[in-house]
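Chain nomenclature is as follows: A, B, C and D, assigned in order of appearance, with residue numbering initiated at 1 for each chain independently.
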Amino acid sequence: MPLRVTVWHEFRHEKKNATVAKIYPKGMHEAIAQHLRKSTDLVIKTATLDEPEHGLTDEVLKNTDVLTWWGHMAHGDVKDEIAAKVAKRVYEGMGLVVLHSGHLSKPFVKLMGTTGFLKWREAGEKERIWVVSPGHPITRGLSSDCIVIDHEEMYGEHFDIPDPDELIFISWFEGGEVFRSGCVWKRGAGKIFYFRPGHETFPSYHHPDVLKVIENGCRYVAPASEVVPFRASCPRIEPSLEPIKTVHVVDESIHRR
Amino acid sequence: MPLRVTVWHEFRHEKKNATVAKIYPKGMHEAIAQHLRKSTDLVIKTATLDEPEHGLTDEVLKNTDVLTWWGHMAHGDVKDEIAAKVAKRVYEGMGLVVLHSGHLSKPFVKLMGTTGFLKWREAGEKERIWVVSPGHPITRGLSSDCIVIDHEEMYGEHFDIPDPDELIFISWFEGGEVFRSGCVWKRGAGKIFYFRPGHETFPSYHHPDVLKVIENGCRYVAPASEVVPFRASCPRIEPSLEPIKTVHVVDESIHRR
Amino acid sequence: MPLRVTVWHEFRHEKKNATVAKIYPKGMHEAIAQHLRKSTDLVIKTATLDEPEHGLTDEVLKNTDVLTWWGHMAHGDVKDEIAAKVAKRVYEGMGLVVLHSGHLSKPFVKLMGTTGFLKWREAGEKERIWVVSPGHPITRGLSSDCIVIDHEEMYGEHFDIPDPDELIFISWFEGGEVFRSGCVWKRGAGKIFYFRPGHETFPSYHHPDVLKVIENGCRYVAPASEVVPFRASCPRIEPSLEPIKTVHVVDESIHRR
Amino acid sequence: MPLRVTVWHEFRHEKKNATVAKIYPKGMHEAIAQHLRKSTDLVIKTATLDEPEHGLTDEVLKNTDVLTWWGHMAHGDVKDEIAAKVAKRVYEGMGLVVLHSGHLSKPFVKLMGTTGFLKWREAGEKERIWVVSPGHPITRGLSSDCIVIDHEEMYGEHFDIPDPDELIFISWFEGGEVFRSGCVWKRGAGKIFYFRPGHETFPSYHHPDVLKVIENGCRYVAPASEVVPFRASCPRIEPSLEPIKTVHVVDESIHRR
C-alpha cells in the first residue's frame, strides 16, 4: 500500500525574497516533493498556507499518512482550528515531519507543550550533523555518520523541547554551538520527527543527504496498519472486567481523623 | 530557605455534593494543605477557582515554588490566560503537582501536548499503587512498595500522555485495569508530577501514604537554586563565539541540479 | 528480503516434566517456530542449549537477523562466550526478543546492566496484558487493547530493568500485582524486546495473541538495511575535520591555583 | 547528615608521566578531593587502584554514599569482583560519578550493558560544553550555559551508551565533533552520572566549572533517605494479595489446536 505524504509549506518567502526565489523557484515544498516523488511507493501531495483551509481540508487530512511542515514568517496566519485538526490526526496515528523553523509552528508547539525557543544566527556558517543513533532507519542511505552542510543558519541550545523519545542527530556549528537536530516523539498513536536544516536562503533542500533524511523520516513516522487504535474519547464509563466485591460506605468520621 | 507551595483547588464539588462536603468539610485543598503545614520548611498557601484570577495573581505565581492542582467539573471555567501563566512559570522552573482529574485541566493538557484521555469507572473499588522505581525520593516514608486504597475511582489505560521521563507508580484495580499513576516530566526548567488518587467522593486525601506522596512530590519538583536559567525568549541573534570563515554566495545554478 | 529468525530455546523442562511435555510435545521453541513459519517472509531456524555451541555458531549468529530467547532452569549452563557473542551481534544490529524467564538469562542481564530481579508466584492465576502504546507496530493484529491469559505465572514489580526506551504492555494479575510486560531498549545498533508471558506449565505459546505479539516483536526489532553502521571499535585516533589553531603548553603553575 | 563521597582514582599516569605529575602533583583524585573538601556537608575519602582491594573494601563501600571513578590505562587491572561489588552497591542506591576515560571502566560498562566505545583525538583542542537542560541541579553555580575548556582531548559520537535517562550537557569540539558529555542513568535504586572532561595531560580538574559540576553531580546522584528500598533478591515466592479463584487444569488437547 502506498504511503500518502502531504508536503505542507508556508510558501511566502519565495514570493517576497529574490534570493529564496532563485534557490527554490517553484517553492521549497516542490524541492522536497520532487525528491519524494522518485519513490514509487510514495504518493505525494502539496498544500500551502494561502490555499483555502491552508490546503488541509478534512478530506486531505483524512487521506494523509504523513504530513511535512515548513513555516517561518507567518506562523500566526495558520488558523488555530487547522492546527488543532493536525494535532488530532497525529493523535490518531498520522506521522508529522517538522522542518527547520517549524519549531515555532502552531502544530509543533501544541504537540510538544513547550515554547520551542532556541538560539539562532544567520551567518551562512558550516554545519555538521552527526548521527548519534547508528542503525536507526532514519540514517538509511547516508554516505557517512556526518552530514556536512557548507552554509546554514545556526540553531543553538537550549532548544526548548521535551526530552525526545529518540535523539538521532546532533549538529555542530562553525560558530561554536551545538543543537539536537533530529528528534522523535510519540503523541497519541502518532509519531513526530523534527529535523533541523532548511533555512530559506540556503539550498539545503537540494542537498542529497538532507532530502534522504526527510524521506526516511516520512517512512519512520508513518502509521502502522491494523494496530490497536488510539481511543479518541474520555467520558465513557467502563464496565468492570473483574468482579468488584468491596462495598463502599462513606465514613463520616474520616475528616475528624 | 522554605519551599513555598500553593495548593490550588477547584472547590466546587464540596459546595454542591453532600457526600464530598462530609469527607472534606473545609474543601479537598484544606486536607492537603493541613498535611503540608506540618512541615516547618514548607510555607503553604491555598487558591481556588472562584477567587479573582482564580487566586493566581502574578504576585502569587511569582512567589510560588510549587503549585498543586486539583480540578474536575469546571476545567472550562479556568481562564486561558491563567493557564498560560501557570505554564510559563513551569518553563521558568516552578514545580507543578497535578492530582487525579487534573489530567484534563488546561495547564496539564497544555504542558503535555496530548489529550489526557483515559478510561474511568466509579465503583468504589480497591486500588493498589505499586512502586516501580525503588530508591526514588517520591517514595520516601512509605510503609511498603504498595499503597492500598480501599475505595477509589478507577482510571485505566490507555492514559494519553507523552512517555513520562520517570515512571514511579503503576496502579492495579480490582475491576481488572492498570494505570501509570505516578509520572514525572520536565518542561523548560520546571518539573511536573502527576499523581492519580483523589476522587472527590472518597477520602483518599486523608490517607497517610497518599498525603506523603503529595508532599514528596512537592519537594521533588521544587526548583533548584542558582542553576543555569531557562531562556524565555527566541528572537535574538547570537553573536558568533568562534570565527566563521566560510563566505556564502548564493549559487544560482543550484535549483538546476 | 526475508527476515531470518532464530528461535533459541533451553529445551530442558520438556525432557524432565510431563506437564510441560504434554503442552509442548516438540518443545516450546517449536510452538513459536510453527507460528512464525506461517509467514512466508520469515525464515525460521531453531537452536537449543544442548547443541554444540548451544546451536549458536558464528555462522548461525552471522546469518540471524532476529534471535528469540527462552531460558529458565539452566541459565548457568550458557557459556559466557556465547552470551558475549549474542550481545556483540545485538550491538551490530541483530534484534533480540527475550521471553518470560529469559529476564535472568546471561545475554539479557549483560545487555541491561541490571539484575533482572522481580517477584513471582506460580498459582495459575489470570493475567491481563494491557496496551499502553496504541498505534505501536507490536500491537498489530490484536483483537483488543487487552490480552487475557486465563492461567499464568505471576511476575510482579519491582522488575529491575533500566527504564525502557518504550513501554508497550503492562500486566494486571488476579493476585494483586502489576508488571511492565512489554519493553523495548536499544543497545548499540540493535533493539531488544522483552515480552513477559510463557511459563512452561501453561499453554501461553498456543495463545494466538501471544504468538502474534512475538511475531510483531521480531519484525519490530529487525535491523534496518543500508543504515549508518555501529562502529565496533574504539582505539583509533580521529583526524581533525576542522583546523585546530590552539597551541597547548602545559602551564606548570596550574596546580598552585 | 553529611554525604560520604569516595573519590576513586587509578593513580598510575601521575607516576609514569612527568606532564601529568606536573599538573597533578598529588594525583588527579586529590585535585577533585581538595575541591569537595571545601564543602562542610561532604565527607571525602580517596581510594586508588594499587591499594589492597583497590581501596574499596566492603567496609569502605558500605560507608560510601557516592563513588567517583577515574581510570584509563589500567581498566584491566581492576578485579572483576570489585567491579561487581561497585555495581551491587549502585543497585542498592549508591551514587556513581564516572569521569572521562572511565567510559571503558569495568563498573561503567557493566552497568550500561554497552561497549562505551567513542571516537577520540589528543590535539589539545578547545571544548565547549553546552547546557541542554536548564534548571537542572547539576548546573548549579555555573557562570553561563557554556563551559569553555581551552585544551582537552576530543571525544566524539557515536558514544555507545544506552539512551540516557537525562541528557544535561553536549560538547562542541574545535576539530568538528560533538559529544553527549553529561548523562544520567538509573540502575536499581542508584543513579549514575557520566561527565566527560578530564584527560590526564590537561588541567581540567583545576577548572572551577568542571569541579563545580563534579560536586553537583555527587549531590545529584546521592541516595535519598527512608525510601522504598531496592529488593536485592529474586527467588522468593510471593503470597497472593488478592484471592485467586481460577482453578488451573492442564488441558491436554491444547497442543493439538
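Quick note on the criterion: a residue touches a chain if its C-beta (ideal position, glycine included) is under 8 Å from a C-beta of that chain, and two chains touch if they have at least 3 such contacts.
Treat the numbers as computed from the prediction; the structure is a model and nothing was measured.
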Count of contact steps on the shortest path from subunit B to subunit D: 1
Reference subunit A; chain at largest CA-centroid distance: D
Numbering shared by both copies at the subunit B-subunit A contact, with half separating same from different: same
Contact-richer chain pair [C-D vs A-C]: C-D
Where subunit A and subunit D are represented by their mean Cα positions, the distance between them in whole Å: 34
Subunit C-subunit D separation of Cα centroids, rounded to whole Å: 27
Averaged-CA centre spacing for the pair subunit C and subunit A, given as whole angstrom: 31
Shared interface positions of subunit C, touching two or more other chains: 128, 131, 133-134, 145, 156, 158, 163, 165-166, 174, 176-177, 186, 188, 230-231, 241-242
Chain contact graph, described as a line, ring, star, complete graph or other shape: complete
Residues of subunit A defined as touching subunit B within the complex: 19, 22-25, 31, 87, 91, 104, 110-126, 150-151, 154, 156, 158, 160, 162-163, 165, 174-177, 185-188, 201-203, 206, 230-234, 236-242, 244-248, 250-252, 254-255, 257
Subunit C to subunit B touching residues, read off their complex: 128, 130-134, 145, 156-159, 163, 166-167, 170-173, 176-178, 180
Residue ranges of subunit D touching subunit B (in the complex, touch as defined): 93, 128, 131, 133-137, 139-142, 144-146, 165-166, 174, 186, 188-190, 223-231, 241-242
